[in-house]
Each structure stands twice: as structure tokens, then as C-alpha cells.
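Next come two complexes built around chain A: one with chain B, the other with chain C.
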Partner chain A sequence: MSASYLRIEGLTKRFGASAAVQDVNLDVRQGEMVVLLGPSGCGKTTTLRLIAGFVEATAGRILLEGQDYADLPPYRREMGMVFQSYALFPHMTVAQNVTFGLRMRRLPKPEIEQRLAATLEMVELSSMAERYPRQLSGGQQQRVALARALAIRPKVLLLDEPLSNLDANLRQQVAREIRQLQRAAGLTALMVTHDQDEAMMMADRLVVMDKGAVQQVGTQEELYERPANPFVARFIGHSNLVAGELSGGTRLSLPDGTVIGLAGHYAATGPVTLAIRPERARLCAPGDAAARVTVVVEDATYVGAHVEYLLALPDGTRLILHDPTDGGGTRRHAPGDRAGLTWDPASERLFDAAGVPLTARAAIPA
Partner chain B sequence: MSRRPQGLTAGLLIGPATLVVLGALVAPLVLLARYSLNRYDRTNFMVEALTPENYLRFLYDPFYTGVLWTTLWIALVTTTLCLVLGFPIAYRLARSQSRWKSAGVLLVILPLFIGSTVRALGWMGVLGRGGLLDSAAAAMNPGSSVALLYTPFAVVLGILSINLPYMVLTLQSVIEGIDARVEEAAESLGAEPSRRFLLVVLPLALPGLATGAVLVFILAMNAYATPLLLGGARFQMMAPMLFREYAVNNNWPFAAAIAFILMVTTLTLTAASSAFVQRRYKAA
Partner chain C sequence: MAGIAAPMAPATPAQAPARIKASRLTAAGVFVWVLITAGVLVMAVPLVMTAYISLFRDAVVVFPPSGYSTAWYMRIGEFPRFGESLGTSLRIAALATIGSLAIGIPASLALVRYSFLGRGVLNVLLLSPLTVPGVVIGLSIYVLVVEVEIATEAPLIGSDLVLAAAHLLITTPWVVRLCVANLIGLDRSVEEAAANLGARPWSVLWRVTLPMMRQGIVAAALFAFIVSFENIEMTLFLISPGVMTLPISVLQYLEYRIDPLVAAVVMVQTLVIAGLLLLLDRYVKLSRIV
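What follows is the complex of A and B.
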């Protein structure tokens, strides 16, 4: 892998006393697509706008090929931006929109013409060059916005929720198209989204943010299999979180006295949070030796690929479990049944009170 | 629910307004048009007739056409100044996200609470002999005096101070209608502030600029108290002259003709400018 192309160091933005973005550090390699993911208000869009230059940073550096961009105005940053609302120039045709950045650079006319033709062909809008944005469908407007940003051959392509204004059935297709264009052009891209599926589909790496701070940076697999804290465990995919007191290395005691027999043996003691993914746990008979805890089935819904069970721990905590269907017997447990709940050591995640993952010293066979 | 046809309901709803317009606007105008064709007589004041002589008198007398020209250029100068001074204020207000924004808007609206006559009197105190500016000049440079009252400058200043809020409020709502992201898009594509303004903001604000300009132009063309109080006896604009013909000289036919000439001039220029802007907007 080549060295860092875009480096963000200690990027911070405060509005008054509150920090919208708090000490964000990130290295992006050339040609990489990095997706900023998080719930609304987590600071992902502000981070993107800081990089674009629309918002002035309180602290931190934005280094592109080693040059500090933090003090450059947006119009000197050579970053192509695709806005959520597309922000096309309504008084200009598609061709005028796409060539706007080229005209700002005072490129010679033949080159503008040639780039216009090539870019429109890339987004399959060659026949729409003389139309106005209001005469285009949402998907077409989105492609004009993309073409306009690509035409300037940006050093970094910034995408702010580019798919959120599209119909659900168009979203996947456009996501793939953007990804193909970005790969084909070898473009370095940063995208912001709140949609996990979109992020998983498009990213080389993801940045999970919450409350203005980066929670974890990694590939899809790293985030899913090794979440850095309970927030990431719950936000990426889904995790059942159970808080309790760890004692004796393997006993998780809930406040009501229920004891869960953990799959791993841990050195730590004290308050911890257990995270178990719905598809990584199984139900068994209540008295089964494998049962780590006994639960009551509250609801069982057949949804095709799996049966979704809503389970209750003795203290009332609700858990979700996905039992894959196999074409044979479906709902093996009916609402009202008592059942044993179990999981493999590899599926168990335990976080200490500070949210730091704990490592099991040894696996306890179920 | 009644099944009354929609057309009837709509007719009932706009009915009262239509009656008010017919009674309060169209009827007096028709009456005025009729008066303007009558003849003036020193003893009988108004004599029934059908003559164009009032209009001809206005058009062939350099004094009256001169007043029309003065009115026109004062209106054009104040409209231009309103555009140039109002746009930056309106832009700042429209794009402001500060919690002082509503205070700013209030500051713009506040002068509208004071009538134009009172404000003209205020300007007299500032500009007149022995007024604020005059005393200040005398204090700094003894023996000198600044006589700004009863000049076209005073009139332009007075009308500008009255019309500027209308322009700012009109432009503010128009600029708020322009997506701020569109400006950011222009910036990210390499447009520095001047070209961002000329190529994106200005064309998109053009219909609003035209609306604001028409509004303050009409107000300036019809200004009465300001030219009367700040322009002095020798400075003539259409509205004060019209009133003098009507009330002092009791020449109703000629006053009616002046009213129509003022109205037609204003409407023609207004229509021409909106047609021009509309064509530009479509072409852009």
C-alpha cells in the first residue's frame, strides 16, 4: 500500500462550547474510498465540510500530498463535491453545469469540449447536454452532480449523502455506478452516509463516528468482527448488549441476580458489557448443558432467511436472535416457551466499563 | 359536504375583493380619465369638454417635461442606490445563522414605523442651515457652512432612506430562496467570490432584484412629502406639482392629466424592465 495521500490530524470544530468534531485523525490512501458513517448529528457531515473548506476548523491540519490545506479557501482546494441536494445550477444547462469548473480554470475551449463529452459519456447523459436540471429526473440530476465534480479531475472526491434523495430501488444501482467510476478513475473519495448498507457496499474502509469523535476506523470485516466499543458493536449490524458484573472470570451477574455463564475466561472483574450478535447465538432446551442462560421466548417471526426471536432475560432485558431457516422445521420455539441460550467463544464480545474490548484468556467449552 | 361546483366557490371568495377593486380603484380612475379631457376655466374651474389640451400643454411646456425628467432621474438614481446598498445588507441577513438575525431584520423594518413626513423633518434638522452637519462643519472650520437642504442630494437621501428597507426585505426573501449549497458548489468548483456572485448569485437573484427595483421605483416616482420638504420651493417633482395644480390652482383637468402621465410613465417603464428581465432569465 502506498503512503498516506490525505491525512487529517487533530481536526476539531467547536461551535461555542460544544464540539461538533473532536480530534479526528485519519489517513486516506490514494485511490481509496473511505466512508464516514454514523447517526445524524455525529459530526460526519461537518468533518466533510471541514475538508471541503466550507467550515473553518478550530484546530487541526488537513494534509493533501503533504501540503496543509486548512487555510486554503474552498475554491483553491481542488476537491469535487457532490451534495445531498445535488445543488445544480438551476439557470444553467447540463453542459454548462458540467463545464463550470473547467471554465473557472480557464481551460482552452477544445479541452473543455472534449472533457464535457467524455464526462457526459461516463455518466451516460450525452443526450441530455442541453437540458436544464428541472427537466431531469432525480437520478439524472444526481449523475449531473457527479459529472460536474468529476470533470475538474478533483484531487479528492467528496460525497455528502449522495444516495439519500434517490428511490430505494435506484440506490443500489447508483451506489455500484459511483463505485465503478471511482475505481476506474483511481479517485480518492470520502463519502458521508447514515446508511449502513450503503457504507458497507461502497467503502474500502469505514470511519464510524459518534458525538463528534471517531469510534473506529477499519474494513467492514474489522468493524463487524472486532468492534472497538459497544457503540460500534450495536451500530454496525446489530448486537444485543447486556450490562453486568464480571466475577470469577466467567460469571456475568445481572443486577437482578441472574447469572450468565460466559464462553471465555477473563482476567478482569467489575462492570462489563456483553455483546452478542443475533445470528451468532442459538437456542437449545432449557436444561441443556450448553445453555449459558435461560430465556423466555416472547415472539417468533418467520421472515424468510431466518426466524427472528424476541427473547427476554429473567430481569426483562430483551434480546434478538436470528435462527436460520433450512426449509424444514421453522419456528422451533413458540412464544411463551422457556429455552436455553448459547453461543460460541468466538462470537462473544466483552467490553469493560470504559468500552474497551476484553480478551478472553481461554475458551470455556459450552 | 356540499357538492357546490368549485368555480362557484372560487367566485364567491374573490367576489368581495373584486368589488373593492372595482369601486375603489377602477371607478375613480375612469372618473379621473374623464376629468383629464375637460377644460379649465378661471371662473367655472371645470367645464365639460373632450379636448386633449391638458396633455398637450404638459408635453409642449419645457417646465412640465422638465419636472417629469427630474422625477425620472431621481427615481432611477434612488432605485440604483437601493440595489447597490440593499443587496449586501440583504445578503448578509439572508445568509446569517446568528441569533442576532431577527434583531437585524427588526432594525431594517423599524424605520418603516415612522412616517415619511416625520423622517423628512428629521433630515431637515440634519441637513438644514444651523442643522447637525452645518454646525459640525462650522465647529471644525469656523466660517464655513454646509448647505445641503433644498438640493437634489437631500431629496435622493430622503427617498433612499425611506425605500431602502423595502428593497432589503424583498431581496432578503429572494436570496433565502437560493440554496446556499449552490453557492458552495460554485466555490468548490473553483469560483472565487467575485465570479461566484456574478455567475451564480446574481442570475438567480435577478427576478427578485427586478421585483425590488420595481417596488422602490414606483415609490420614488410617487414620492410626495420628501421632495416637498427636502427639495424646497424651486425643486419640482411630479406628485407635489400634481397636488398644487389640484388644490392650490383648482385646475382639476390639468391635475388629472398629470396624474395619468405619471401613471403611464411609471407603468410603461415597469413593464419594460420586467419584460427585459424575464427574457434575460429565460435565456440565461
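What follows is the complex of A and C.
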């Protein structure tokens, strides 16, 4: 497969009996920015450290341009890493930090000088070359870390939570800068983050991980519109999950006897999980023909772009619904009201007991 | 009337606790300052008294002295083998410092960076000399060295080699402790960054780990030097008539007489240490590491 530049095959890391990373497979194209996203402890950082060579893999291959890197020591991997803590050398100036990798490669002095100048210019730190890291702001330190990794012209740029130590108002700006640099240089990059917005903003493709395993690989749109399992549905954006028994193709029975009329017609029966995004459902009058289930409004909060409703199903399950505001009569339903809840067939996601998405055979119009 | 009383009522309880708090703070503050002053005095009195006595004019220490003079400092050369024993002390302390750094730095790297069989044992072993009284160590080494001398007929007692080796026992635990504490505080990812940029393990150690440990190493060297320089109880067993450290020659002198000369010698010894500290402070801010 020529499209794959960096290929991860069956990458596994066990610490004793527990697997921190479990059979990760991934293809990264040249010039692509792939973001590993997941909750803390999901194995995303370990995966990055396995690729950098700081951790030895229990099993699996790391192929870069067809060559297996899994057994190479970190200093021979040609991968530039930006650390969460930046990990700048405190006893070296900015210039010494940035040229460290070049000096390790014993490049001729004129070339080192030229690359230093070019790299510092790229991150707009030319005037800071003789400063020490402790004399720089967090954002500047971050740029030194990036420059240091870029100066060696790495085959792959690895970014471990690069924005997490920055002020919130700086984050978006730096995210955009990193993305621009990466695109301009045509760099292949792998980034790790737990922050969904950051991931959505920077990635060409995302890898959602949980419990050491890859849950889904795809573009932002694929993950949001076609989550592979309930975990992805809830983790990317937000989804209301309702578990019940599917019967008769369209009936979802909850344990307390409540029946939800589904928007699709399904071939399967048995335990399933329904996932509905807060902004893809609507409230209507309780007796309305469109109502798929009746809910009680517990709370309604106006937050600007939408009104956030907290709804309760008869069995007490809480759902969140976002009703877009339109400048007119907002908060159409007050706490304590009963209301009908409905949604379009295209907004309905159903997963079977194993977490596999079910496809509707036909849509039931509301 | 009611209109005036109402706004005043909440003001009174608000002020009362503030006043109590202030007076409590003052009492605590005074107590702390008394403790600090007492502590400083207790620490300073021996030094101040020694400095004071070293300026007495009389050869016999009497109080009040008949007059003051700095003549004793001019006569330090008359102190039995002053230069020789000071030289021995400095030489042994330097050897012990270098030796304990050579043992302690690699040992602390191993203890902090790697987990291996016997790591706990090594840790205890490296610190154990601190728990054994110096007299016991000195006597044990003496017995051992005498046995070796009998077997090999090599003159060992009083040699620099034996003295420095013995001092290693009391200086190495300090070096290990300080270097370990320093290493634990270092961000491991800085070393990973160096490896990531292409530095081989030895380069990482030489260009990144050791420079980052500088403060810990300087502190360790300082402690090692002072611990060795001022040691008496262990050294007592290991000197020979020809070789003597400064603290021991002071001790021996004091067995026969107390005069301002010995006070002047002790002041010089103190100044040597203080001078070293000041010199080091130029390179590493001691207040940050000790």
C-alpha cells in the first residue's frame, strides 16, 4: 500500500497482565495530521511513546516508509517530539536547544547556523536566541520545543498534548499556528490530546481510543455522524444513550415498560442502545403525533446559542436537548412541563449489545 | 435612634474578631521571633566566643582579659605542625570528596533511573554508614587495616589511602542522598527529548543529565568535603604519629592547654570552610540547594 507512510501494525504494550495498548493498527499518509484522542488512561500517550521508542513494544510493528522501526532505539528514529512539559534543556539557550539535534548529527557548522536561523524565524523567536528557557513565557517555550523538533527535519512530528500547558486564550492561536506550520512543511504528524475541540480543529483524521484499544478512525465528520460504537457517540460531541430491548422492528422498550417509537425500522431484536445528539432532537406537544416518547422537562437554561433542556424519561433516565434560539420566544417549555420528544431518522443511531451500529432498513416518518 | 443603631450593629461583631485575630498574630509572631533569636544565639555563641578568645592578649585564658591583640594569628605557625595537619585535612577531604562523587553519582543514577534486583539492598547499604557511630567505624577499620598490615607488611595506618577510603564511608551517604533527591526532582522527559533528538545514551548523560544535576552535585561535594574535613571520632583511630588532620591536632593540643592560639587555629579552620562556601556560592546559589 503506497498511500501509507507510517503504518502501525498490531502494536501492543502490556505492563504485567494489563494491556496499556492493545492491538493498535493505523495507517498515516505523508503530510497528514492524525490526532489520537481519548480519555486519560486510554493508551494514547503510551502509543505515542511506543512510536517514539521510549517504551518497548510487547508486540507489533512500526513501519516508516516500509522499514520496521520497532526495534530501533529512540535516537535513531528520526522522529521529532514536542513534549507536554516542553522538556527544554534548562542549561542551554534557545539557540543551543534548537541546534541540539543538529549537533548530535554532526552537521557542518554553516548548515547548523542556517537551519537555526530559518527555524527560529519560522516560529518567530529570532530575537530570543540567546535567552534561557526560564526567561521565556509558556507560549514562547512551546515554540522553542516545536522549533527544536522541526530543526532535525523529522520524518514524523510527534506532539504530546502540546497545548495543555498554555492559557486557554492562547490555545486556539497556537493550535492554528502548529497546523499552518505542519501544512506548509508537508509534515506527517501524530498528536495526542484529551481535548476534543483541539483534536477537531487540528486533525485531518482522528483516532478515538479507549481502554488501550482503537475505537474508531476517521474524519471529524465520520466520527460525529457515523460513530462506530456508543463510546464514540458519547465521547465525540455528546450523545444521549438509552438502553432497551428492540422488538417489532421499531419498538424500543425500556426496563420500566416505557416504549420509544424509533425512527427507523430494524431487522434485529434484543438489547440495543439508542444514541441521540442533543441538537438533533426536538420537543413538541405531549400528544403530538410526531412524539416518539413523552418526557418531563426538569430544567431549561438559556445559554445564548441554544436553550439547554434537561429532560427525564418516565424511568428517570436524563436526556439533554439543545433547542436553538431564534431571537423570538425562547424557552418554549418550562420546568415541570410534559413534552413530546422527536427526531429524524437520519439523527437516530442504534447499537447492538456488542456496540456494533445497526442499519435501519426503512425510515418511519414521524 | 433606631435608624442609627441598625447600621452599627453589624459593624461591632465584624471588628471584634479582627482585633482578636490581630492580637493573636502578634503573640505568635513574638514567640516565633524569640525562638529564632534563641536559635541563632545558640548557634552563634561558640563561634563568637572562640573568635573573642582568639583576640585575648594573655597566654592563659582568664576573664576579663588584660587586653586584646591579634598577635595569636601571627603566631599560628607556632601551633604544632599547623600547616602540615591543615594540608592533610584538605588533601584527605579532597580525595574523599572526589571518591564519593565517583561512587555516589553513578549509584544515585542507578537507584533512581533503573529498577533491578537488590536495588533496595544497595540503597540501604549506601546509607548505612550514617547509622553506625563513627567510633565504631574507626575502630573496625583500624582492626582490619592492622590485620592487613601484618599480612602484607605494608605501612597502611596513617596513609592517605586508608584515611581517604575511610572517609568515603561517611561522605558517600551524603552524596547519594543529595544526588538522589536532585534526580527525583528532574523531569525525565528532558532526557527523552535528548534521545529523541538523536543523542546516544552517553551523550544524554554527559550533555543533559549531569548538567541538570549540577546543583545537586555541588551540594553533595560541599557536604562531603565538610563532613570529611571536620571528622574527628573516626579519624582518631587511623592517624599515625607522622600524619594528623587539623581537628585532631587541635584536640591533642587541648589535652594539655587552652590558650588563644588554639582559638585562632579553630578560627582559621572555620574561615577555610566559610571561604569555600562563599566561593561555591558564586557558582551555585547555596540557599537554593541546602
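The definition used in the following text is that the second predicted complex is superposed on the first by the 364 of 366 C-alpha atoms of A that agree within 3 Å, B and C clash if a C-alpha of one lies under 4 Å from a C-alpha of the other, contacts with A are read in each partner's own complex, and residues count from 1 in each chain.
Basically, contacts are C-beta pairs under 8 Å (C-beta built on N, C-alpha and C of every residue); 3 or more make two chains touch, one makes a residue touch a chain.
Note that this is a predicted model, so its numbers are computed, not measured.
Participant: With the two structures overlaid on chain A, would chain B and chain C clash, or do they fit side by side?
Facilitator: Result for chain B and chain C: clash.
Participant: Which holds for A:152: it touches chain B only (first), chain C only (second), both, or neither?
Facilitator: A:152 contacts both chain B and chain C.
Participant: Which of the two partners, first being chain B and second being chain C, lies in contact with A:33: first, second, both, or neither?
Facilitator: Touch status of A:33: no partner.
Participant: Answer with first, second, both or neither: which of chain B and chain C does A:313 touch in the superposed model?
Facilitator: Neither chain B nor chain C is touched by A:313.
Participant: Scan A:203 for contacts with chain B and chain C and give back first, second, both or neither.
Facilitator: Neither partner.
Participant: A:291 in the overlay: touching chain B, chain C, both, or neither? Say first, second, both or neither.
Facilitator: neither
Participant: Just which bits of chain A does chain B share with chain C as contact spots?
Facilitator: Dual-contact residues (chain A): 52-54, 73-77, 79-81, 83-85, 87-91, 100-101, 104-105, 148-149, 152.
Participant: Please output the residues of chain A touching chain B within their complex, sorted ascending.
Facilitator: The touching residues are 52-54, 73-81, 83-85, 87-92, 100-101, 104-105, 148-149, 152, 158.
Participant: Spell out the part of chain B that touches chain A in their complex, as residue ranges.
Facilitator: 179, 181-182, 184-192, 195-196, 199-200, 203-204, 281, 284
Participant: How about chain A: which of its residues touch chain C in the complex?
Facilitator: Chain A residues touching chain C: 52-54, 73-77, 79-81, 83-85, 87-91, 100-101, 104-105, 148-149, 152.
Participant: Which residues, counting only chain C, touch chain A once they are in their complex?
Facilitator: Listed in rising order, the residues of chain C that touch chain A are 187, 189-190, 192-200, 203, 207-208, 211-212, 214.
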